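Okay, handing you the structure first.
Chain naming follows the written order as A, B and C, and within any one chain the residues start at number 1.
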């Protein structure tokens, strides 16, 4: 059954939901990345929670004027308006008062949401109310998804993500260096508004499938997972889109295999699995890779420093250095160097002398790569034999001068 | 305000007061450390904590659920720190990843488990059931002096009051190091203060207050009270001590006014149903914040 | 023990080794990295008691990192730190650190007096009352930095130079023996600079040891009697008069010297 779900042959509704969820995943992955780059990931929590009063108010309004209270466009429109209001208040609190952003987000989030649920309880009490399925917006529901709903998601999702992809260069520039961006005539304020507007649109669109409590997950997890795979913003956006789409696709397929499984949470958990894999296994930034390169670095540092001390007949005080040298057979248990240790120590000292000469006497620092510590690198790997020969000549001349 | 008030309104009001104050107190320090959203994270992760407790013990009773919720909160905090430090992800995003995933897991477990015996409904989780925490044994103000009647006090009151006491004691004892780590954490470290441990203790205490309050007033009010009264006070005064005191006063005012608004105003206006007390209390704290943001004497940023 | 020792072969650049026990600060073989990116490598650093030492080097040389690692707020890959011959944990009460200004929220609800008083909190303890003697001490430290009239102002209302002076007062209130300051003179007005240097020189007169990460090459000779040149590894250290030379500067600053030199009139 899983296979047919993945194959989109499980049936009309399932296929529709799968496509919709995949598109939603891509859209949230992309817009979420921009929020993350701006270090503003949790604003999406404020957006999603602030939709609730608008949802309730829209229902009450539409019922009050005699329309169908459950009209999707109306409900989403109301949500968008109250979310926009919430966003404006967050911005206002952050810029005009001494409150920091987290306090602004948190207060808007909780107060709007509280008020929204008050409205929901009022609606519940109404004869026409009976929640009218408004509760499904909280946790999402994909049952009985209409073709029109799917089309709405498709069209709006495509529009919003295209806008972001089109404007990605100025947005990335602002995230990286907003002062410089200003000198180029790009307004950081306007790009922020653009990103927030798109995030808002995507949230409102996605509310029906994933529910507003879980849509935040889609906006945050995929970008964070993507972050582990690259340092280039363009690639992070791409990977985030892929991860988002993949979570939507897999999540819906899995939830279709068992009728009791709710779609939203499963999509989120697929997303989390992708995050976990990235966190642990990504090369360079992933935990395992980073730990390994740190240990290698630490070992090299202790080895080099220890060997140099041996070469200069000085005592080694640090226990860790002693342990590392001992394990490799360069010193004995009593701290005295072995044959192999002395040999390597002499080699290390020569390397150090050569580098020192190169840097100080030949004043070549302008050519050096500042980020590498040359003492840890064997000179034969960086310079030509001719260069090394001239260094050695210089060193022996120095030696003779001293005598 | 006679015996009806004491029996039906006073206990919920007192519980609400204790909950609001217990949440607002540590919130003062959290907002100064820019950790306000940890309240958001905590209130999302109590759900999986409670569900796991229910699955493990098979019953809906208070202590296992509270331990489950507290355990979930602490697990979340540790995982967030792990992602932050080891993954070098900024704290907001790290929080977002963990609490949304844990919440999704909680919802999944909830839907999956056999809840036919039990109804853990969403609304209770959000709003608690403050109005229903009544004291049937009371016959008026005199009941406070009758041991037999006191035994019938809702247990939530005792629990919440104890937590409020514990939180207050913590803040009182650790006032100085707390002020130091909020103002300048690296400096505090150089003075030998265990800043990480203290910060963790602060968050844990907040989690305990949140979890205790959760059952009575739901998760909505918890976030609102952790953030809004301290934020409001911050815009009104310029000393830490005053901020903390004002935050408590504002918490009390929001609770009393919110409760009245929810319970009495609709009736006065002719409606037959009351509004949710927790929802109105949270909304009221928001109104106060709005007023402070518009008119507070110290609302402006120093440049 | 690397570049430092080799240059010592020539004899011209370095002082005799300082006795470990009487060194205010002694660092041996310290390496610090961010992830596996080295920030400082194999640093040996000796500071005698009663000296006023500058740590200088180009941007990214690891000067702040060295101080932070010495005071224990960042972890090290290797290295030993001793204050007066003993480890940091036993000597904290005798060491005072003034960080770079950036780490603080300027809107924090605290007055100047509160900030300086915070410097006394670890000494007073959790519970003991703040007594008039403490407040007098706070006020006298404020007077030393010329901020005695500002004690009730909120921190964010002050200028950059005034804020820096308040943080110096906070360090003074500890009555420490070693003072570590990270770029205290960066981005402040001339009057504040004079005030701060005068305080530092007074500390030296009272046999206190002061170590400063300094950014302005043109004032090194006037302010500091000892210098450490560092660019990820130490280049030279010793008396300013002896080792503050063109050669050491060019080795330390490499290609960046012309920019650094523009502040070097009269060196």
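Couple of notes before you dig in:
Rule of thumb we're sticking to: a contact is a pair of C-beta atoms (placed from the backbone, for glycine too) under 8 Å apart; a residue touches a chain by one contact, two chains touch by 3 or more.
Values in this document were obtained by computation on a predicted structure and should not be read as measured data.
Nearest to the overall CA centre, using the mean of each chain's CA atoms, is chain A.
Of all the chains, the one whose CA centre sits at the greatest distance from that of subunit C is B.
Set against one another, A-B and A-C show the most C-beta pairs in contact at A-B. Rounded to whole angstrom, the centroid-to-centroid distance between subunit B and subunit C, based on C-alpha atoms, equals 44 Å.
Taking each chain's centre as the mean of its C-alpha atoms, subunit A lies 30 Å from subunit B.
Note: centroid distance subunit A to subunit C, computed from Cα atoms, is 37 Å.
Residue positions 234, 301-302 of subunit B are each in touch with at least two other chains.
Annotation for subunit C: residues touching 2 or more other chains are 105, 107. Residue positions 98, 100, 290 of subunit A are each in touch with at least two other chains.
Of all the residues in subunit B, the ones that touch subunit C in their complex are 32, 173-177, 179-180, 182-187, 189-193, 234, 237-240, 242-243, 301-303.
If you check the complex, the residues on subunit A that touch subunit B are 36, 39-42, 44-45, 92-93, 96-103, 105-107, 109-115, 117-118, 121-122, 125, 135, 138-139, 213-214, 216-217, 220-221, 223-224, 227-228, 260-262, 264-266, 268-269, 271-272, 275, 279, 285, 287, 290. Residues 1-3, 5-7, 9, 28-29, 31, 33, 35-38, 41-42, 60, 77-80, 105, 107, 232-233, 250-251, 254-255 of subunit C are the ones touching subunit A in the complex. Interface of subunit B with subunit A (complex): residues 31, 34-37, 39-40, 44, 83, 86-90, 92-97, 100-101, 103-105, 107-108, 111-112, 122-123, 126-127, 220-221, 223-224, 226-228, 231, 234-235, 273, 275-276, 278-280, 282-283, 285-286, 289, 293, 296, 298-302. Put simply, subunit C touches subunit B in their complex at residues 68, 71-73, 92-93, 95, 97, 99, 103-111, 114-115, 118-119, 121-122, 124, 126-127, 154, 156-157, 170.
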